[in-house]
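Presented sequentially are two complexes of chain A, the first with chain B as partner and the second with chain C.
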Partner chain A sequence: MEITQSKIFKGDRVLWIVLMLLSLLSLLIVYSSTGALAYRQASGNTWYFLIRQVFFLGAGFGLMLVMVNFLSVRIYSVLANLLIYISIGLLLVTTILKFAGLLQGTGRTLDLGFISFQPAELAKISLIMYTARVLGKNQGTRGQLKKAFIKIISHTVVICGLIFLSNFSTAALLFATIFTMMFAGRISLKYLFIVILLGMTIVAGAYIAADRFPDAPARIHTVKGRIDRFIKGDPNSEKGITQADYAKLAIYEGGIFGKGPGHSNVSNYMASAYNDFIFAIIVEEYGLIIGIMVMFLYLIFFFRSVVIVRRATRTFPAFLVTGLTVLLVYQAMINIGVSTGVLPVTGQPLPWISLGGSSLLFTSVAFGCILSVSYQNQINRETQKPAVQVNMPDEDYEMHK
Partner chain B sequence: MDIRKAIVSRIAIIYFFLLLFGLVVIFKMVSVQKIKNERWEQIAKNLEENTVIVKPNRGNICAGDGSVLATSVPGYYVRIDLAAEGVKRVFRDENDSLAHYLANFFRDMPKSEYKRRLNEAYKSGNRGFMLTPRKVDYQELQKIKKFPILRRGRFGGGMLIEQENKRVNPLGTLALRTIGDLNKGAYGGVHGHIGYTGLEGAYEQYLKGVDGISYRENLSGRWITRIEIEPQNGMDVITTIDLKLQDIAESALMKQLQATGADWGTTILMEVKTGEVKAVSNLGKENGIYVENYNYALGHAGCYEPGSTFKLISLMVALEDGLIDTSTVFNTGNGVWKYKGRTIYDSDYRYGGHGEMTVKQIFEKSSNVGVAKIITSCYENKPKDYVNRIYNFGLNKPLGLEIQGEGKPFFKYPGDNDWWGTTLAWMSYGYETKMTPLQILTFYNAVANDGSMVKPRFVKEIRDNGVLVRQVKTEVLNPMIVSKETLGKAKKMLEGVCEYGTGRSLRNEWFRIAGKTGTAQIAVGVGGYQKGMYLASFVGYFPADDPQYSLIVTVNNPRGGLYYGGSVAGPVFSEIAERVYASRQLHENEQEQDDDEEKYSLPEIKKGNVENIYRVANELGIKDLSGLPLLSDSKVKKADRQNIPADNSVMGKVPDVRGMGPSEAVFMLEKAGLRVRLQGTGKVKTQSQEPGSKLVRGSYIYVKLG
Partner chain C sequence: MDTFSKRNYIIIGIFILTGLVFVIRLFSIQILDPVYKVYATNNVLREVVQYPARGLIYDRNDNLLVYNKPAYDLMITPREMADFDTMYLCNLLDVSKDEIIRNIELAKDYSYYKPSVLVKQIPPETYAILQELIYKYNGFHTQSRTLREYVYSAAAHLLGYVGEVSREDMDRESYYSMGDYIGQSGIEKTYESWLRGKKGINKYLVDVHNRIKTSFLDGEENIPPVTGSNLTSTLDIDLQLYAETLLQNKRGSVVAIEPSTGEILALASAPAYHPGLLAGRIRSRNYSMLLSDTLKPLFNRALQAEYPPGSTFKVLNVLVGLQVGAIGTDTYFSCSGPASYPIRCTHDHVSPLNAVQAIRESCNPFMWNTFRSILYKYETSAEGYNIWRDHVMNFGIGRRLGIDINGESAGSLPNESYYNNIYGKGHWNAMTVRSLAIGQGELGITPLQLANYAAAVANRGYYYPPHVIKSIDMGEIDNTFRIRKYVGISTEYFEPAVQGMEDAVRPGALSHIPGIAVCGKTGTAENPHGSDHSVFMAFAPKDDPMIAISVYIENGVWGARYAAPIASLIIEKYLTDSISDNRKWLESRMIEANLLNPYQPK
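Let's look at the complex of A and B:
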């Protein structure tokens, strides 16, 4: 594929276009779905959230440009080792604070004074970097792959376990991502089957434990309740309307061509219209066709990532791109699945579209990494020279044709 | 195997599954859109049902000094969600004690009955079981919150609190009719909440506030009400009512109504320059007692033939047209005059009539014959000129008050079907026309205000949380009703009434009153005038040299022999005028002496127990109050709302000044001829000479304030 290289927007041009389209949609949809939120939090200033979103999207693009233009992919390999332990530390702190009763809300957010963010967001990216690094370094022999599996699974269990205490779906999403990375990273299927069996046992165990031990952590009850409702149908659906009902109503009312921008009224009735159910509001306002196109934007993104992986010359960038892409696309699919009622209700924002704060910045870091890798590929193709920035010894493997 | 190929092919497998998932999503969306249509229609309809309007707090109506005349006090109902998880966990253990507490608290049913109902509701999974048999107040709510099960709060204890405000008038019946009330709504009470009569109705726009919206929604199986848009509380309407003056006017009127057994009475006190109504009292007899039951001052039912008070208007018409002067002489003969087949009588014709009198004297003596002769002689051939000028004064139109239901003035016009040959004569002294007391007062006020007719107003300003939103300006209806000369003559005549004429009894030695008596026979139905039914009134202004206030007193159908305006309405007028004058003196003195005391001023809070006062103060945001020591006698200011005993001003007896302010008390006592020695501050607590005891002029009376 011959694409002339932009001087600033380096990396895969299709990816940049996908991001631009998503940004545009994000602004439109955030503006129309936050009407109710604006009244709740910004005393009716409907511009407040739009301006906020413009700011964060702008910051995201800035961050990506910096990463693409100035940072070498290899840095992430080095950073991975550091970041993963910082993540574990932060998660531990959050968990302790939560059980000490010092954190308000769901105990997902850590406020450092100057910035507040969810440690799980950092943990997601650092665990993926770490996994990519370990996989990349151990592609040689079966023994190496086994060693890699043990390293990865032990770190994953710790991090996902900590995240699970406050947020089941993020833990599950991250776990699925790492699992996919290991699958792509040629880990023996035997090990992966064992992991699946163990996972199912734990979920089943939690499900049963919820009945036996009413005092167990509240999250377990939430999970059980959601699974029950998804399988048996919501007992409240006879008496009234659930969020999922609103979402389906939004899709129903949207029809094929939608009600038009800003004409959603279902969003006024939903607690998380701008977030967990945003895909349903997209369909309500812009119709089924645009909805399907949005979904395909994420699939195009995935496809471009496959191309980037195929062109990658080394294993670490390939796994890094795989992991980050899988994470974001899975997350998008969860949001879409939940909004349409294919999956049980859970709260995952639609990457790059949902109203975001710090989480949007973490998403842009992920995109920045992917774009950096694709830029690296382009340089390698054009000049066949190593990257200019930092000269570091490679720890991973070259991929042979 | 090549690493790259292995990786890419494995990712391709993932991609395949994602595509598959995408297809499932598309299939699902299409099926949602195409199938189960009725269910979504149903839900769309339910959206509206789950939208709950959150009512804002209605604004207060306050007196000029900020005292609250009408306010909304919250009342609460408590329900319990018996299907809430938290409740399920503890219901078996605590239902017994909850029933016990409820039975003890409300004492309307035995504990066993409470328990039976609780268990029944629990079995059927009632998600909003009503626990309170009646509306409870804030204090009670705090106690109920601590009951078993409920003490775990909204989530753990399933407690649901509904608030429903109740409109109360903290100062009782004071100007109640003018303050107005809310309509009672479809269910006979609490559901209306819309301003209906009086200022409540007129300023509904400001008072009502803006509704908020909340949504009932189901989060993880629990119903919660989420406030989406906060309601905006209503604004406060600051009226022109002056509590002290209102109290004076109301008690003076009440006293006279009780003494005469009249059907109803009304009095309006207006500030001359601004048209601000400082006091308005409407008292009608209901089951033997007088209550604010109708706004006679300005409503249809108060719209009567004015009688002699109208003579001022007639004579001013003729004076303005230059057809007469105050010194022009007319012969009233023996007080009986036959005109076109009907006879006009002077009220005192039995005493032989007054013979020849000047126009001024005719007015002062209120001779019907005189006025009729003046007007018929001037306008018999051109009655339109006479009526046109009345129209030009602006009297034929309602005042356009913001309060709904203003009575329409009624004037015949020459050429009308009901314009009879005698109409001009009868109209000249106040019959065959109708005006409300407030409309008459407005005209007299214009005379006092050097010809500028201002619109009476009840509202000074609108405030939103104390911030001034709108200031009501004085509206001029007619900048100059007549020429300066006519005005001067009219004033002289009005002063003459109280000097030499029917209003002599109103004289006092401190200031002069200008006004006019009115005694109209009341027409009942179409049948004509009922013997013995009169509308006694007195309208005027004071002090005559520098008019500050205009005042009208109207008493409808007094019984027991007295019916003349001068003797029924006059005493009320003079009592109000004197006490208003006294309190004005006091006010001026206060302003001169202690200006810096104002920053401590709190709205006056009248009677009520201490707890309630704290609460009201808290609700109103007067935080200071709880820090202030409340005197033990803050409970009731006894004389404040009670009527002054009827023997108060009986000649030869010591007046009762208890409950009055010091300057009013001194005024009253000195007027009676006593020498006053004051002690302490505040209102009169005790007086050394018993009220009603024999008065010894020139003796000392010691008055203790506190």
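Let's look at the complex of A and C:
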């Protein structure tokens, strides 16, 4: 697969195409699913959320272009150590403010006056960068790998622990991502099993604690409630009026070919049609076939990342791409899984499609990193071309064998 | 890197497997699982708002004034709408075809599957016919609302009206949503939070076609509406009707207050209109009609019109003079009649004369001398003026009294700086502002303020803030209406003033009622746009006053010509419940008088 180099859209061209397709779909589906929201929050101005989404997608593309054109991958390795402590600091501040009762809502968002964002978003990316850096530096001996494991797991526990207090699913998602990175980074299976056991103990502990201690933080009760409803069934589902039921109804009503753009009914009575359940609305409007194709777009993204990882000549970029890709694809899978009722209800947006604000910008930073690495690969390949041709089989060919 | 590669295949494998699981799941939802077919026809919770009945309004004698009558909104759900007989519907509901078409377009713009209002406030008679036919009209249904209905054609300004909420209302209070009704003026506005009650919610399950299938959880979660509280007004509807009858074909106002409580007994502004004109579908049409009427029926003269008080103000000047010691009860001033300077007197009376006689004769030179003495008693005219002004203000003049209906105007009582600006600081004195001595000049006073001032004199030194609501079911009226406001004049000084007022209504005057001691003062307010206005303020009986009243009749030429007789008729009606036979001729003369032409013979 020979890909020519664009002058501006540097990096993996397939990935750029995937992103553009996702953007197009995002605009269509955000416009049609925010109708009810527009009447609730923007006094009936149905253009409001579309324009907002155009703005953030545009800003996201701008950010990615700056990253691939002007920033070197090495910068992220240097930044990793700094960012992780900033993240921990911000998470601590948010947590303290939350328990001091100074934050409204779920206590996930930090408002700095000029900008408001979720510190967890920053923490996700910085922890992945940090993990990639540690794994990359310690691939030599078993002793080094053990040291790497201890460093990574200690930072992960702190960050995921802080996120857990306000948002269980993001903490679990990040934890799973780091776990996958360590798995790919040749950390001994023995350690990984210990981690799994510990993780399960904590979730089970939280589930039981919710019963024993009614005063425990509210999120623990939310987690328990959702797990209960998923296992035992929601009492409201008899009437078919839970969000999960609406999602299934949307998928059912969509059929093979969908109702057509803008014809979704279900989105008007669902509370989170434009983010957590957006996949269901995609199927309702565009049908099963497009729905499966959207899923394949994420898998294509995943496979292109595998290619980028394999072509990477250095370890940090390879692990960085692995981590960011796994994070985004997990997120997509969770969203689709929730919409289809495979997973318990939880709030993860569909990357690059769901209505987003600052979180969309963090997603574009992740894509920007991946594209930067692939651009770095292309430069490296050009300079090393003869050697590659003689000594190595084509990775893509090998992969599809 | 062997293990590394193998582990990567595991990760890839997991993702492919997840993808497969999702695809299978999607298929199963769409094709295999029948349960969602049931959901497809039985899926939406619809909350239908239940509108409470608005509270009723009674008068002080428990006569019902305002109640509700049912009305119906015709609703449309564009998605279910089929072709229908537009002309028949238009004729039945008395709306134009264009309006129907425009409203259908608006409804489509809003939503295809949510109902919108097509025609508002259909009367029950039409609704009965409509209900028989509605099965023919797909996508149409009705929703019940209530409309205000009025027992008497009276007190429109005071009762106020109800209209649809504006965007500002909704922004201010989240209780309201589009299409709700809210009190727009009068009692309806001030007591909105009591009258409106609380909306309820009925929850229904509806299918995809928005048809109601069943009550959600058998109505367990329904919230019943709470009916609004009933109000008892301070109004005496018989007196109000009588006042409005006397005011017919005139411009002017009548305000009657019970001095011992501050309760408004009658508050009439003429020309008036039927309160029902501003209820229901005809409201916007009638509102613009009333707005464009040159007689300004929407203008509530009783609260909003500012007139010079004229000679009625003289009682107040004498009271202030006595209080600050500028004059005494034994002070005599002489009057040279038409030759008096600086203010002439045309009232032809004894001279010299004291306070009681001066009020009786409405003597201008006496008032000028009193006013001058007040101002010159202090170091500077400005200081004297400020002390005089504070006393006047204590009577509720030049500021809002805080009556519990909207639109009250403050009147005008200029402060020191007003004159400083015109004449320069230190360059004006009693001579400069002499018109104030006889209630002319820059003074502006509303009929409500005049009546309140009469009440303060009747109480010999205090008043209760005037108000129109006596009691609220399950509630309390504002406590400020129960607190006496003292005007800062000693009780003893009221005796000469009251005596003067009693003497002014001497036997032979049109305002004299045999057997009732009426204390009153006429006034004539200068009017540059036509004949002068006729003014009268009074209270009765002299000892133990039951009613204080102010009457303004625009272009009534002299206070004694119209305002005084009308006030005396209202007092007689209130105190004896009828008009004695030998005053019937006066009653019919007042009712028949037509003063709509602003130029009347002297």
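Quick note on the criterion: the second predicted complex is superposed on the first by the 381 of 401 C-alpha atoms of A that agree within 3 Å, B and C clash if a C-alpha of one lies under 4 Å from a C-alpha of the other, contacts with A are read in each partner's own complex, and residues count from 1 in each chain.
Just so we're on the same page, a contact is a pair of C-beta atoms (placed from the backbone, for glycine too) under 8 Å apart; a residue touches a chain by one contact, two chains touch by 3 or more.
If you're wondering where the values come from, they're calculated on a predicted model, not measured in any experiment.
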Side-by-side fit of chain B and chain C on chain A, or clash: clash
Chain B versus chain C as contact partner of A:169, first or second or both or neither: neither
Which superposed partner A:222 touches (first chain B, second chain C, both, neither): first
First (chain B), second (chain C), both or neither touched by A:315: first
Which of chain B and chain C A:248 touches, first, second, both or neither: both
Touching partner for A:359 - first (chain B), second (chain C), both, neither: neither
Chain B versus chain C as contact partner of A:329, first or second or both or neither: both
Chain C versus chain B, contacts on chain A by residue: B
Which superposed partner A:292 touches (first chain B, second chain C, both, neither): both
Among 78-86, 96-104, 132-140 or 150-158 on chain C, the segment whose C-alpha atoms clash with chain B after superposition: 150-158
Chain A positions touched by chain B in one structure and by chain C in the second: 180, 183-184, 186, 240-241, 245-246, 248-249, 251-256, 265, 268-269, 283, 288, 291-292, 295-296, 299, 302-303, 306, 309, 326, 329, 333, 336-337, 340-342
Complex interface listing, chain C residues touching chain A: 3-4, 7-8, 10-12, 15-16, 18-19, 21-23, 25-27, 29-30, 36-40, 42-45, 111, 113, 205, 208, 216-217
Residue ranges of chain B in contact with chain A within the complex: 2-4, 6-8, 10-12, 14-15, 18-19, 21-22, 24-26, 28-30, 32-33, 37, 40, 43-44, 46-47, 50-51, 89, 215-221, 223, 226-230
Sites on chain A touched by chain C in the complex: 180, 183-184, 186, 239-241, 245-246, 248-249, 251-256, 265, 268-269, 283, 288, 291-292, 295-296, 299, 302-303, 306, 309, 326, 329, 333, 336-337, 340-342
Chain A residues within the chain B interface of the complex: 36, 39-40, 44, 139, 180, 183-186, 214, 222, 225-226, 229, 234-236, 240-243, 245-246, 248-249, 251-256, 265-266, 268-271, 283, 288, 291-292, 295-296, 299, 302-303, 306, 309-310, 312, 315, 318-319, 322, 326, 329, 333, 336-337, 340-342, 397, 399-401
